[in-house]
Amino acid sequence: MTPTLLAEIVDRAIAEDLASGDVTTRLTVPEGRRSAADLVARTACVFAGGEVFRKVFERIDPGVVVRDLVADGTRLVAGQVAAQIEGSSRSVLAAERTALNFVQRLSGVATLTARFVAAIPQGSKTRIADTRKTTPGLRGLERAAVRAGGGANHRDDLGGGVLIKDNHIVAVGSVGDAVRRARAGAPHGLKVEVEVTSMAELDEALAAGADAVLLDNMDDDAVRAAARKIAGKALVEVSGGITIDRVPVLAAAGVDVVSVGALTHSAPAVDLALDFRS
Amino acid sequence: MTPTLLAEIVDRAIAEDLASGDVTTRLTVPEGRRSAADLVARTACVFAGGEVFRKVFERIDPGVVVRDLVADGTRLVAGQVAAQIEGSSRSVLAAERTALNFVQRLSGVATLTARFVAAIPQGSKTRIADTRKTTPGLRGLERAAVRAGGGANHRDDLGGGVLIKDNHIVAVGSVGDAVRRARAGAPHGLKVEVEVTSMAELDEALAAGADAVLLDNMDDDAVRAAARKIAGKALVEVSGGITIDRVPVLAAAGVDVVSVGALTHSAPAVDLALDFRS
Amino acid sequence: MTPTLLAEIVDRAIAEDLASGDVTTRLTVPEGRRSAADLVARTACVFAGGEVFRKVFERIDPGVVVRDLVADGTRLVAGQVAAQIEGSSRSVLAAERTALNFVQRLSGVATLTARFVAAIPQGSKTRIADTRKTTPGLRGLERAAVRAGGGANHRDDLGGGVLIKDNHIVAVGSVGDAVRRARAGAPHGLKVEVEVTSMAELDEALAAGADAVLLDNMDDDAVRAAARKIAGKALVEVSGGITIDRVPVLAAAGVDVVSVGALTHSAPAVDLALDFRS
Amino acid sequence: MTPTLLAEIVDRAIAEDLASGDVTTRLTVPEGRRSAADLVARTACVFAGGEVFRKVFERIDPGVVVRDLVADGTRLVAGQVAAQIEGSSRSVLAAERTALNFVQRLSGVATLTARFVAAIPQGSKTRIADTRKTTPGLRGLERAAVRAGGGANHRDDLGGGVLIKDNHIVAVGSVGDAVRRARAGAPHGLKVEVEVTSMAELDEALAAGADAVLLDNMDDDAVRAAARKIAGKALVEVSGGITIDRVPVLAAAGVDVVSVGALTHSAPAVDLALDFRS
Amino acid sequence: MTPTLLAEIVDRAIAEDLASGDVTTRLTVPEGRRSAADLVARTACVFAGGEVFRKVFERIDPGVVVRDLVADGTRLVAGQVAAQIEGSSRSVLAAERTALNFVQRLSGVATLTARFVAAIPQGSKTRIADTRKTTPGLRGLERAAVRAGGGANHRDDLGGGVLIKDNHIVAVGSVGDAVRRARAGAPHGLKVEVEVTSMAELDEALAAGADAVLLDNMDDDAVRAAARKIAGKALVEVSGGITIDRVPVLAAAGVDVVSVGALTHSAPAVDLALDFRS
Amino acid sequence: MTPTLLAEIVDRAIAEDLASGDVTTRLTVPEGRRSAADLVARTACVFAGGEVFRKVFERIDPGVVVRDLVADGTRLVAGQVAAQIEGSSRSVLAAERTALNFVQRLSGVATLTARFVAAIPQGSKTRIADTRKTTPGLRGLERAAVRAGGGANHRDDLGGGVLIKDNHIVAVGSVGDAVRRARAGAPHGLKVEVEVTSMAELDEALAAGADAVLLDNMDDDAVRAAARKIAGKALVEVSGGITIDRVPVLAAAGVDVVSVGALTHSAPAVDLALDFRS
């Protein structure tokens, strides 16, 4: 993410909290006062969002210093300090909540992703990937948090890949037709992927020359059967109803990509707090 | 929220997904084709986000019609249709994911809030309130989702209330000093609230004339003792480590406001989907 | 105000004047030329707007230096230098008018506020406050200018306070009803204030439990009578038709807040100019 | 002004007041309620800002209707209704203050301009013009308000005219040099104007071929002498220390343009209010 | 392109021309006057940009009607009318130049593309594609103009494809290394393409498993030799120094994609004008 | 152009290319790697756009250094290095295409302008000027490129000059009427120019007191005849169908300004490339 795009996201978040000023801080904390604070993980987690955390302070007051910030992807134990902040007390107090809101959410994404990734058997080619089910306005940051947790990214947006889904097929009429149209016109750098929900659709997809198939909401047996039929002729992605304990099963079945919406839409926040030392 | 602010939030979300076009739809779905689709709840939930859902379609194509949209706060059973969408297939497909991303998250907030609210005993004055731990960029929408779930809103931003927190007190020196400064200068329409973590701090807060106290991370016994001491001299808010089964206990102790960060930072998404009928 | 919000206000003002360049300066002043200039008060005033003044130069050319800038709230005598500017002649000339437009207006607000504040008797608790009758786009800056002049700020926006006004009462039906509804649902950190225009409405407001009353357009006798009836049961604000000589009378009557729209909507500009020394 | 630029100005003003919602109205006024209101002039004035007034309501709620809006430039007597507003009570209350803030200021500009214009003798060619001393963010609207009051507009921005001022001359070295440089490079559609403060500078300006001269801060005798010397060889503008009673004197002296900064920087607001009928 | 993104591009262009108003039109054309005008092609061309042309009028004045607008991709002969415009004379005059600036440029792109496409032999699989050498700010519109001319689009942006170019190879060290890294981590929907400038690099690319190769600045013989060696193992793209008469030669050599920067960076504008009938 | 406006143009261009990241570079180039590169002119040209070129790198990564950048207006021979770039390989690769897209287009404008300017005979007063036929979104940059090539700028926008064109005349009724209206109301710093297409219209323009006339689409004989008739009573501009070899003829005829739309709408891009040295 470019500095400008990052700054825009941060500025909007700041505006939500600070557009009409921080009346409490202005009234209680004298102007020249300076503080030092620690960013502390209250529970074990995989950290993510360091860059945006730093940017919040920088946009509110370039004089605030964020030091010893751990890298995204760092595993923290409960009580561990992830960064040290120093500067004008007023500025740090004004930035605190916004900075934490980013980092608690993104670390939540990274932590959940890491749990899924840990379930992949050693040596397996299977990847855990995110989806487009991201938080409106935060896609780029959440994509990076997934990578911090060891996951892979799916196409970034609707222009970054050809993926024919169930509703396309309803609108077009058949899997085969849809795949053939896509192959005829797709930009030459994009593979053509199609979502299938049955063996019949899978046959149609393979016959039409799909480069990849997305097995949607199939149980383990169905996935195994489909993977056997595909037999390397196309890349295999599985999605829908994925739990962590299914991951080794799917990996064993030869699935290339397991994509999990929950990584970004339902990861609980990690408890990260700012403790003032002075 | 004004139409303009809502449109900006929607446009940013659309841009994340559609800035480089929807290559799949352009290639597979003919331009004149029209579709009809249902917004379906896959699990029981309290619905929220109807206005922003409708706005996504409107911003992408004013010709798409969203009909029979249930009101925010409606309780849906699994399989229930929450809205019907009709229009250009290309437009509906382009809007689908963005519209769902909003509504699945906001309905998640409303649903979790409703579970907390249901735990308040009949006739109790206690309110469940949100906090400033909201998703960056979505605060206003999440505030409304909390209300849809029956919750109350805390101050909207740092300008909308005086709340002296732990880190202010570190920076200022003492609870009493902080409260006195705030009372001297606060805009005349705002009460002065202060966070306390011990009985000693509570004494100081009351002596300095705080209008409200926030009991932070206290267990049930401590809350009861504090509430007895306050005895109506100030409004009582409790926060930190709140679970649903503590709600009746806190209500019985006479707490006015139970504020819960998880309502907005850790509510799992509700599974809402778009099913094309044609 | 955060640096970002300040920069946006400044950039819009600059764009109004400079979007199509400064043709005069480009034609007449050679590129490498440097100038030194004084910001001079042509008449006595209370200075305000120093930060935005400095920002105009910084946004046009970070190489321009603004030195010895007096603090907001400084009383200047005619002829006094409020700042010294040094840098590229082209940049200083391009910034001059925009920078002055801010500071002459904001110093006007501070100067008029100071005249009202000076009329408060020693030892009185009465405050002079601004209103929401601010210049569109400049509210935050004008709020700060009022403080620089010794005034207090009213709620910053419609989300930062509950104030039931005449037109609400027409829409709702009665003062009592409106106050009761507001008390039932108001965020717990906000007081409930209501505007009244008669003794009957005042009775209704007090009976319904208003935390504060705004006496609108009442003459001195009416204010005195109302204040006697209120007798500390609610905070007393007075507004409408306020002149400087009424201030001591209102203070003596025990009014808490005198709010004056003219501070921001009708303050004449202060004559501040830039004098090039080279 | 294009609809887009106007909408941006309005949206920023609305955001200042409504970004965190209108808590009073939401709590007190039921959602379906409708109101009718009059825009009333409390004192005699020349009306301006009708378009932006209407736009505020439209941006908050396109369902609000503004009817019988008088044209800009209309002279209103005290008590006269300038427009009728009808729609959702909540929307009208949310828009009220922002809409009035625009119209009270712009009508103030038009009213003051009209007083200056009225002082021009019948049949005189002299014009009253505004300057670049406008309110940051509102230049286009104030320019239109000046026209509504019968005044003329000066160059709109630094790209729309060549006007060499005192500080340019300090930076360049001499009036003559500055005028010669400007004439050599000026876009062929622009005249070259130069500010002079003495007869010597005037001689230099005329010798160098200035198309127009701005007599800065000269008293009536000096203006008369200068005008005689110019004798039609250049256009004559006068600025600085202009009061209404000097206008006929300056007109008699043959001045073409009298430019008055106060029109936009010090016009007191006109008292325009919204009276709800229901 | 979504309506919002299109509107932003149009609004910026309008602002460049109209931010300080249209002084000529305001002075000369009475306010109520209405005009009818034809959009006329002065020379033969392939038309493109119809949607943005219409949008310019709509953003300036929704009351202006654009009728009988030909579809993008239509071949026009000299003198042919491409659209009819009717509405307020002032609005049409204000919009004229901006609307034409878009359409003359985009039709230029479509027309040049069509000339390249016409050179592809019947039945050939070869495509003419654009590049990322587009006009800053207009990429989406130019991509659509290329399609209107019968061309294909390359990846839309740096996130929409993996294309390893010469400078990547310098930074990484070797073609083989770069391809292997890309294959290991590329999102599963993207092919891996690499630019090669010699047979040795081509061997390396094929050995590393590139899905596509871009033959950069090779002459016809070199292209033929490379295509023979590739022999269907990878997709073949050719770029650099492409002229229209090389197209059939490259097609005969079995090239899949001929990408031409000039389509967007050097297409001369088409002469399209607005002729007022009244 | 102010730094802010320049940054906005650059940020939009960057967003077009980088909004979804640079997947190729992220995958292939290690994070710490640094590169040095030359900006090289592949063909002889007049360079323009240096400031915006530098800004692209700065906005993507302030750590990238651009050194030895030649001044706008410098004549480069084929193979000449115009700047040296050094910094993070990832940043330079991300910025490369966007930076080049600006500079190849702007240098194209400067180069074409210089060819026209070179055709003006020594000692002639004739100027080559641009028009409003600029690329939407890039007007300010293109105006500067024209100056870099030795050309003059026309009015910058519709507010920066009075130019009555053919379509105004259709809407108003006659050349004379239009000129008279314009003269009556034009801001005193603007000349009144009118486009004429015949000797009759020219007579009318001169009679009405036009300050300048634009001879539209007249051949050399007609221009000579018109110039003789004008005889210094108005400034003479010629436009429409201008080729380089007509320039000396028009200069000899006494034309003041030759305005050429092609300078900005049809200048072919100059081949400027970035060559990585490491």
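Letters A, B, C, D, E and F mark the chains as written, and numbering starts fresh at 1 in each.
Definition applied: contacts are C-beta pairs under 8 Å (C-beta built on N, C-alpha and C of every residue); 3 or more make two chains touch, one makes a residue touch a chain.
Quantities reported herein were computed from a predicted structural model and do not represent experimental measurements.
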Pair joined by the larger number of C-beta contacts - C-D, C-F: C-D
Greatest separation from chain D - chain, by CA centre: A
Farthest chain relative to chain E (centres taken as mean CA coordinates): C
Contact-pair overlap exceeding half with B-D, pair selected from D-E, A-B or A-E: D-E
Distance between chain centroids, defined by C-alpha means - chain A, chain C (Å): 45
Intercentroid distance (Cα basis), chain F paired with chain B, Å: 52
Chain centre separation in whole Å, for chain F relative to chain E (CA means): 22
Interface hub residues of chain E, defined as touching at least two other chains: 15, 18-21, 23, 94, 140, 156-157, 159-163, 185, 187, 190
Complex contact set, residues of chain B against chain C: 127, 129, 152-157, 159-163, 185, 187-191, 193, 212, 235, 237, 256-257
Residues of chain D touching chain E in the complex: 1-5, 140, 143, 156-157, 159-160
Of all residues in chain B, those that touch chain A in their complex: 9, 12-13, 16-29, 33, 35, 37, 89, 92-94, 96-98, 100-102, 104-105, 108, 132-140, 157-168, 170-172, 177-178, 181-182, 184-187, 190, 261-262, 265-266, 268-269, 274-278
Chain E residues within the chain D interface of the complex: 7, 11, 14-15, 18-21, 23, 59-62, 94
